[in-house]
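Next, two complexes with chain A in common: one pairs it with chain B, the other with chain C.
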Partner chain A sequence: MPDNGKIEPAQFRKLVMFFILGRAILITPTFLAEQAKQDAWISAAAGLLFGVLIVLLLRKMGTRFPESTLPQYSQGILGRWAGSAVAFLFFLHALLLCSLTTRSLSVFMASTMMPETPIQWIIGLYLFIAAVGARKGIENIGKTADVFYPLVVALFIIFVVFVTPQIEAEKLQPVLAKGMAPVLSGAYQVAGFPYMNLVLLLPIFPFVSDSRQAAKSFLQGTLLGGGSLCILTLLCVAVLGGPETANELFPTYEMAKTIEIGMFVQRVEAIMALMWFITIYFQVVICFYVAITILAQIFRLTDYRPLVFPMAFLLTAFAQLIAPSISYLIDFSRSTWSSYTLTYGLLILVLLALAAVRRGSGRRSGEASPS
Partner chain B sequence: MYKAIRLTLVWALAAAFLSGCWNRRELNEIAVTTTIGLDRLNDGNILLSDQLLYAPAISPIGGGGGGDRAPVTLLSETGEGIQLAARKMTMKVSKKIYVGQLQILVLGEKLARSGVADVLDHIARDHEYRRDFFVIVAKGMTANEVLRIFTPLESIPANKLRDSLDSSSKAWGASGAIQIGEFLSALTAKGQDPVLSGVTIQGNPEEGSEKESVARIQVRSELAYTGYAVFKKDRLLGWLNQRESKGVNYVRGKIKSTSVSVPCPEGKHTITVELLNTKAKMKPKLVNGEPAVNVKISAEASIADAQCNIDMSNPATINAIEKLVNEEIRDTVKDAVKTAQTDYKADIFGFGSAFARSKPKYWSGVEKKWSEAFPEIRVQVSVSTKIREIFKTKRSLIRQMRE
Partner chain C sequence: MSWGTIGVLVLGAVIGLVEAPGLFRRKKTKELWMFLVLLAAAIASNLAAGLPEDLPTPLDALKAVFEPIGKFVLRH
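Moving on, here comes the complex of A and B:
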């Protein structure tokens, strides 16, 4: 393995949670509300159900190969060339998600806070921090999660408490007026983003010190992150209403703007935005780290670190090239991403798992751990 | 050597990033606008009027009053839209105009009648505008005229407009402190038409725009709120009087507190009760396929002023007064409903959205022709008032005198 670091199962749980919230915390409510209007929160819950199923599958894969990483065992299962090709597809997935997330963050900054700041600065700065984080290795990323976890939890609780007075419960009605179809197409959106992206956490799985605990943490983190996402979507609909949630580009931020407790707690949305700067950072740094470690393993490098800064430069350009405009970005996220991740993440993974079972590679479930 | 290069790099980076934000704006480089007025000109363009704070006039060190200068300056500019006019305005002003502290947006009546959606898109879109400033309509005049008036007690007109709207909507209930976010949602909401409070100049507008106006004890003219402006979609149709506006607020559950006068059980005088904690519930239903709405209003009240010969330690008296108050509130609501249904055909109560919430099947059938369906709705109003307090005295002054 290119990195000798280890992370605790608890740190892995936090990483999973941050990874799910990541960019989703900003934009998922709007894509859900576009489909399901006031039932967006039901979509979010249905999507979480799907997410749990995915995680159960991913766990199987992770515990089957507790000691080796994805490129290693895909090479083991499919042979050197085909295995490398599959690993390369995962590398592309990580690369794309990383650029997409960075670009979304910069769009958010440019359209709500700093319209005159060139986005390449925002992208570059963000990727610089991500590069430093990835260079220091997985142990560092895990400890960073430890540091920021209390802050994110505190901000989230404060956010929910402050927004609660603005809730108008009748905005949630009528429930399921148009049947299940819009709800399911919303769930499809949220299944594609963020839950299908969880496949990118698989390469990190072997770094967790205890693989049985790691499997538990994976599910717990998913439930925590997905649960928070459901709560945020519910709040968005209850505060802004279905149609407006669908029309706002960043509904959670718009909701934070409504916070007003007396004359003193108001205009706190910038503080609330800190919450998603942190969660998005983890999404970016994990994608970044996964991308370069996969690449290092494909080319059998003993150290992935020389790849870090070239990759940062590549991503800085990529994040700008990925979408010519915000409209393209919205359309791509809405109509392409889910089917993209389904083919990349789920299909390839299922095929890989089937091949592993057929060839009998890896540890079968129930078999005792060798250590 | 390598270490020295690294150190230099770190220093250079720190210098680049710590030197400040990219688009920073220093306080002395911005002009804060607290009130914006919008009017439609005859050629279809808009007239943007910005009231800018004159900083020395409001600083406590400068003597509060601000000497011989007005505490705010009014700038106006025309353009096809707000953004264009605002940028053109920079030709006239020494600083960049900052709208993040905007308190009040005044729409001229002519603009409101011609439709506001096209003009307000910029406000919904631009990041610098917040969602929490109030929107009002200048009744029978332009917004520009409203922004010229000196206000007593508050030297900054925006503060007077904001506080008086806030306090009157909380204590009297014939106006509504409606924020831009709420108004924009009401514009796009299905089955609900928006309302906005009106403002007008009482007295002579010319004299009110002279500083001498506020130098007197009784000002020559002042800004006063009126009843609601009724919108259909984004167009103003007409006005409600104060009583009808209260009726609207009863149905919407927006009466925080108000006073209601009813005639004495016997005699020609009146009793005034203070309402507290009113609640409203809207229950849409279909009677033989015909839409009807049950509005249930409950209120707690206290007797604030009794000009008749009664003894309030007697529960029967209190019951009688409760009944009178119930009738009075019901009539107020009925008046408002009647005006909205017959004069304007505008669903300012949100009956349509109530149907959409609880009778989605029915709603999807009538959604497109709601303007025709709305005037036909039967509205039943039931009010239950509980008188809780009679305050300090048991019998009215008149009763005590006669005993």
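Moving on, here comes the complex of A and C:
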């Protein structure tokens, strides 16, 4: 293994939660409200159910090969070339998600708080932090999650408490006015983003110190992250209203703007932006780490660390090149991402699972895995 | 040469000078090659990102394949 570090199951739970919230915290309520209007929160809950199903499937894969990393076991069950090809698919997926997420964050920063900063600087600096995190290894990423978890939880609670007075219950009515169909298409949007992205946590799974506990943490983290997403969506709809949520690019930020504490505490949204800054960091750093370790293992390198900075430099360009404009990016996320990631993610998983069952490898046969 | 081009080349040179000598000294040939390939790709794509034209992205291909499916599911 290129990285000998281990993370605790509790740290894994936090990483899963951050990974789900990641970019979704900014844009998912919009996509949900576009489909389901005032029923967006029901969509979020239905999507979470699907997320739980995906996680149950991923857990099965993860606990089957608790000791070897994804490129190792995919090469183990599919052979050197086919296994590398599957690992390479993961690499591409991680690269794509990393570019998209960084681009979204930089657009958010540029359009809300730093309008005069050139966007490539925001992207570059953000990826530089991610590169430093990835270079220090998975253990470090886990501990970083420990440090920031209380802050994110505190900010989330403050956010919910201060937004609650703005809730107008009539904005949630009528419930299910158009039946289940719009709710289900909303659920389909969240199923693709963020839940199917959890496939990318599969390569992290072997680094958790206790695979049985890790399986539990995986589900707990998903429920925590997905639950927070449901709450945020519910608040967006109840505060801003369904059609307004659908029209905003960053509805949670708009919602934070409505917070008023007395007459003198203003611009609370800047503090709230810190919350998504942190969660998105973890999404980026996990994608980055997964991409770079898989690349190193496909080519059987002894050390992935020297590749970290050129990779961050490369991704700085990719994040700019990936979409000519933000409207292109949003349109892509809306119309294409879910069908792409659901097809792609399920295909990879089914391939791996079928191969594993046919070869009968993994823990059940008691095979000692190389590490 | 614009400032952007100079910045990209300087940054590329700095990254190269920081990592490459160590890899060369420790005779990690495979790592060194991978490093240089990534760095060259990074410099090339950053220069491309500085061009005024919109370049085609891999998302175009994904869009061609998967957008119809998405549109089909979301239409009602």
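Keep in mind that, in the parts below, the second predicted complex is superposed on the first by the 362 of 371 C-alpha atoms of A that agree within 3 Å, B and C clash if a C-alpha of one lies under 4 Å from a C-alpha of the other, contacts with A are read in each partner's own complex, and residues count from 1 in each chain.
By our rule, a contact is a pair of C-beta atoms (placed from the backbone, for glycine too) under 8 Å apart; a residue touches a chain by one contact, two chains touch by 3 or more.
What you see is a predicted model; the values in this text were computed from it and never measured.
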item: Partner chain in contact with A:Glu254 - chain B first, chain C second, else both or neither; value: first
item: First (chain B), second (chain C), both or neither touched by A:Phe318; value: second
item: Contacts of A:Met114 with chain B and chain C, given as first, second, both or neither; value: first
item: Partner chain in contact with A:Gln35 - chain B first, chain C second, else both or neither; value: second
item: Partner chain(s) touched by A:Thr164 [first = chain B, second = chain C, both, neither]; value: neither
item: Contact breadth on chain A, by residue count: chain C or chain B; value: C
item: Partner chain(s) touched by A:Ser209 [first = chain B, second = chain C, both, neither]; value: neither
item: Contacts of A:Pro182 with chain B and chain C, given as first, second, both or neither; value: second
item: Chain C partner contacts - residues on chain A that touch it in the complex; value: 35, 96, 120, 181-182, 185, 188-189, 295-296, 299-303, 306-307, 309-311, 313-314, 316-318, 320-324, 328, 332, 334-340, 343
item: Chain B residues within the chain A interface of the complex; value: 17, 21-23, 127, 130-132, 181, 184-185, 188-190, 356-358, 360, 364
item: Chain C - residues contacting chain A, complex; value: 11-12, 15, 18-19, 22-23, 28, 30-31, 34-35, 38-39, 41-43, 45-46, 48-49, 54-55, 57-59, 62-63, 65-67, 69-71, 73-74, 76
item: Chain A residues within the chain B interface of the complex; value: 111-118, 121, 125, 170, 173-174, 177-178, 240-241, 243-244, 247, 254, 257-258, 260, 266-267
